[in-house]
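Order as written gives the chain letters A, B, C, D and E; numbering starts at 1 within each chain.
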Amino acid sequence: MPLREFVLPLVSSRTLCHVLGMALLVGLYSCIPVAVEFSPYAFFDGPSEFHAVLSLILGWLLVFRTNTAYNRWWEARTLWGGLVNASRNLSLKFTKLGNFETRELRRVQQLLIAFPVALRCHLRSEKPAIGLRDLDYEELETIHLPQGIAQEIYSILGAAKRAGRIDGEEMRAIDVEALRLMDIAGGCERILKTRIVKSYRIFARQCVLIFLASLPWGIVQDFRFWTIPLTILTAYFMLGLEVVAEHVEEPFGYDEDDLDLDGLCQTIALSVNEAFLHLGQL
Amino acid sequence: MPLREFVLPLVSSRTLCHVLGMALLVGLYSCIPVAVEFSPYAFFDGPSEFHAVLSLILGWLLVFRTNTAYNRWWEARTLWGGLVNASRNLSLKFTKLGNFETRELRRVQQLLIAFPVALRCHLRSEKPAIGLRDLDYEELETIHLPQGIAQEIYSILGAAKRAGRIDGEEMRAIDVEALRLMDIAGGCERILKTRIVKSYRIFARQCVLIFLASLPWGIVQDFRFWTIPLTILTAYFMLGLEVVAEHVEEPFGYDEDDLDLDGLCQTIALSVNEAFLHLGQL
Amino acid sequence: MPLREFVLPLVSSRTLCHVLGMALLVGLYSCIPVAVEFSPYAFFDGPSEFHAVLSLILGWLLVFRTNTAYNRWWEARTLWGGLVNASRNLSLKFTKLGNFETRELRRVQQLLIAFPVALRCHLRSEKPAIGLRDLDYEELETIHLPQGIAQEIYSILGAAKRAGRIDGEEMRAIDVEALRLMDIAGGCERILKTRIVKSYRIFARQCVLIFLASLPWGIVQDFRFWTIPLTILTAYFMLGLEVVAEHVEEPFGYDEDDLDLDGLCQTIALSVNEAFLHLGQL
Amino acid sequence: MPLREFVLPLVSSRTLCHVLGMALLVGLYSCIPVAVEFSPYAFFDGPSEFHAVLSLILGWLLVFRTNTAYNRWWEARTLWGGLVNASRNLSLKFTKLGNFETRELRRVQQLLIAFPVALRCHLRSEKPAIGLRDLDYEELETIHLPQGIAQEIYSILGAAKRAGRIDGEEMRAIDVEALRLMDIAGGCERILKTRIVKSYRIFARQCVLIFLASLPWGIVQDFRFWTIPLTILTAYFMLGLEVVAEHVEEPFGYDEDDLDLDGLCQTIALSVNEAFLHLGQL
Amino acid sequence: MPLREFVLPLVSSRTLCHVLGMALLVGLYSCIPVAVEFSPYAFFDGPSEFHAVLSLILGWLLVFRTNTAYNRWWEARTLWGGLVNASRNLSLKFTKLGNFETRELRRVQQLLIAFPVALRCHLRSEKPAIGLRDLDYEELETIHLPQGIAQEIYSILGAAKRAGRIDGEEMRAIDVEALRLMDIAGGCERILKTRIVKSYRIFARQCVLIFLASLPWGIVQDFRFWTIPLTILTAYFMLGLEVVAEHVEEPFGYDEDDLDLDGLCQTIALSVNEAFLHLGQL
């Protein structure tokens, strides 16, 4: 790995710029203990060992917190990856099993492409996007659009079953994929609505603040002027872990760390179209 | 993230106020070693290094414990998220598959909305709530209300199957969702009734108490008057981890950290109603 | 949380009393280096820093070990929770699906209630308990009683299928729950018979022993008389983690940390009886 | 384990040679603080304790990061292991269940052997390999070759079902394995396209760089000339963890740590051929 | 827990004897720095603090590594536990569902008992064992014996289905267990063939070696003669973690830490025989 590649991306993260700003503020604050130390009113005379221990325990807490936040993020990614899989398998099964009418297949194609778009808009609390225009989604008369789409897929499935265009086994083979749609939507809502336990989060943040507020007073005797850069460095480290965890916890927005939901919607649209195009050529 | 948002929530947690009270008590206690140190009867003269090491090991134990407790909490949340998914899929399948009678569908709608309410009351050992009034739940003649509701859903399913309104495949497609109801109820009961291993919990608490009791004696020589604020800080940190873990371990109550069961019941009611409303309009 | 509740349970654990005894023995041993230090033959003069580092690494090893042991315990609990779920779902399905004869249903009820009792006795290597009397289990002519019970359930299922009292789909719906019975029994046997890797366990214990044997010699110079209480404290902590892990590793016995298998058997009996009582009233 | 085996592999890793080069560069840089220290312009006089604490927290972060990267790698391996299982089970079921025509079976054999090769090429963004020549894959007219293959398998399955050569149950028994093909392909794409959260990765790297840049200035007073080898050692350790994690994160390439995809493709080809050869002999 | 039980097993592990030997070699090597220190050519004068920090980070790395290795081992154990479950459930279903001929059942009994033995031999690259004699496995004309056995089970299943001795639903009920056979075989092969990432493993070992080589030079000033026993102790600890991890990584051999595959094969044989004996008595 060339060294250049190692250094370049260091300057491109907006999140980390915020952290730097906050760390500099803490550094400004740390000038107070330094000034007091050099004034005739210096009063603290304990060793700096205490903050060493505290910073270690705090370090674990933050590393664990970051890890938990990352696991949520990865679970969200896995759910959307499962949506790609479910959409592909549904496409394959609708086109290759049973004897669906072309009209039904076209509608299923529309619905499968619309589902991830609708879910994305739902998770971002946005109005349904342009990609849904073909859907006549207003006719669905539904508040929870992804549920409305899943409902119409089951509606087509049930009708085809009753009309004998598919038999029970084919219905079940499609059902095992179709039920994943709402499971995935529900899983995403769970991650969206339930953040990490409130006390846990507040507690971690309190500890960081108390630690940073007391740190310069504790080490100023040993480090004198160097207290300021060292406080900034520690603040950057501690706040960085905390803020990155905070950002990663909400994976469905527009942040640079958030999932590329638009890209995933396109992947699904491409896969679905390919499966149905093939049918069109037969 | 604005700084304001970072500071504001620090003062709003009731759990952490309790912790602060206990930390102050420990601080009061730490005045004794300080007084002894400044009296002519000072007797301890070992270095404070010992407590540094002990506090590190204790720190891990507590961080692990908090993590375990959080995992339970998240499992409980996932189970209730699964209940949302199961209710939605059941709604879709009951309305779109087979030929259920309207009377049966209305009853299923009632039962699906009642199930999370009944489970919530069961987990909180409360009398069934107002939302269950429509259910005539007293006619169910059952002690374990969630089981009674699941039983009636299977009763409807079995009757429709015998009457030929659904065939075997449709019954199976509904069954795979319906069996999740009791699995979820059983999972919640497991979390409710089985806390973290008793010895493990008592041991962690003992270690915290012994550590806090001996801490001020160990560091008073090095830190003198500063022993008191440092003991309070450490006590707040250690007790905070312990108490937050304790609270998070029981996710079904009314604490601020507990799951928003009422909100989840409403979400389910909304989703179920939407699925069945659509049917009503056909 | 009241302070009283925090302190009370500290004195009630039998496991931890054993640990205390062992820690006191180590304390007795630590009198030797203290005596040597104050005699004219004092010979060790290295700093105590070495033991600090060693105790930290040992601390992780033990915390990890405790965590692994706890995960086993929780897996055992989850398996038994799954048994509750499987028993309930089997009860619902046997009573509500198909057209089983009353004679068959009564036998299934007996078998479902007997299965957890038989599994409990099997895991504890005990003679089958009183609760199994009704079963005429001796007629089962089987060594592995849980397997014998599962076999008879499948026997009833197969017979009803061949006689046309249930069709294939209903058989499958019951099968997906019934096969969990032996999966759970097998999972419990796995936990019972396979403990944590032998070398790993011996190695952890050796390290604790070597550490405790060398600790008082290493710190006696710095801590003098205080070596004795500090050694006891450390021994209590280290041995406590080790012994708690040891106990938690075997979750099926009669220890205070073991699973409440009797309570779980009763819960299952209650649930099964309720489901079958309801049928009786129809 | 003989000592020779312990030492030999130390010199054979290309990845670690790169790390060594980078560590030597850091060592070169560390000559500056040493030179300054021995010049009359020495200005820093804080203790080296600060870097000890920082390196510990950084150590966790890196160990966690390595662990996360390793879990991704193992998940990728598990997915490919699942592909081996799915291919074997599909072979067994296609040959032993139903009455497929020899023509269909030959085509399925080709497709099953081609699927892993196509997936491998897809994950490496390569042109389809020689092993696919027999497939006439250009006739598949598909961009996503693995999807095209899965589609043709379902096509054969659907046709055989409609022609009555297999019944619904056999179709389902094959379907439960066939749907794993696209699930595995989707899972691999997820690992390929989504790396660990960007902020998290940049942050870890920044911290390593800042730490290494400040380390020699912090310890030069205590260690003097020894600063240079110690900095090289620490740099090797820190950069090693970071670079190994970086490499392990991308498991589908040609690196020495990457999965042996070619070997897995051969294993699948062997297993599939064996299952179909057996049929040929009947 | 009696003290005797605590001490006894300490001397019985062959693996740990090897570790002890290697630790003594390191101790021999540490005599060099001690000799130099007491010679007039002593040249190193840095504090021992550096090695304290390094040993902590190394300690995590090794504890994590041990943990990962242990998880592999436990996964292997879980797979074999799943084989016990699958064998039992297959026995129950073959004997109780459908109308298999006695000839078929006897063959299935042979095959179910032979499968774990064949898998064990396959994982150990051994010739098929005596227990397989009855199988006439040479007639299977297969290289991958477990696959050959699974194939014959599916062969019997497919034939019985075509002959109408079982219907589709019963075939599916047996299929859900039978497909686990090859999944388990594939899972075991995955664990056997893919060890922990090569760079990761080499890197951990390099760090241990470099650390142990530099340790006595770093602490000889502070600990003088005591350097030798302390180096041995540390070497035993570090090498112990590394070597135990190494051993545990390969769970299918004949080491004392390896799985008791022979015992598991016997358990399966017993369970299968019991299920089929019962049938024989009818």
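Note that a contact is a pair of C-beta atoms (placed from the backbone, for glycine too) under 8 Å apart; a residue touches a chain by one contact, two chains touch by 3 or more.
Not measured: the values here are computed from a predicted model.
Undergrad: On C-alpha atoms alone, could you tell me the rotation angle mapping chain A onto chain E? Nearest 5 degrees is fine.
TA: Rotation angle between the two copies comes out at 145 degrees.
Undergrad: With chain centres taken as the means of their Cα atoms, state the distance from chain A to chain C in Å.
TA: 36
Undergrad: Give me the residue numbers in chain B that touch at least two other chains, ranges are fine.
TA: Expected reply: 49, 52, 56, 60, 167-169, 172.
Undergrad: Counting only chain pairs that touch, give me the topology of the graph as line, ring, star, complete or other.
TA: It is a ring, because the chains touch in a row that closes back on itself.
Undergrad: In what order do you meet the chains if you trace the ring from chain A in the direction of chain D?
TA: A, D, E, C, B
Undergrad: Can you list the chain E residues touching chain D in their complex?
TA: Per the stated touch rule, the residues are 18, 22, 25, 44-47, 49-50, 52-54, 56-57, 60-61, 64, 68, 141-144, 147-148, 150-151, 154-155, 157-158, 161-162, 167-169, 171-172, 175, 179, 182-183, 185-187, 189-190, 194, 196-200, 202-203, 205-207, 209-210, 214, 243, 246.
Undergrad: Over in the complex, which chain E residues touch chain C? Could you list them?
TA: The touching residues are 1, 3, 6-7, 9-10, 12-13, 15-16, 48-49, 52, 55-56, 59-60, 63, 66-67, 70, 73, 77-78, 81-82, 84-85, 88-89, 92-93, 95-99, 167-170, 172-173, 176-177, 219, 222-224, 226, 230, 233-234, 237, 240-241, 244, 247-248, 256-257, 259, 270-271, 274-275, 278, 281.
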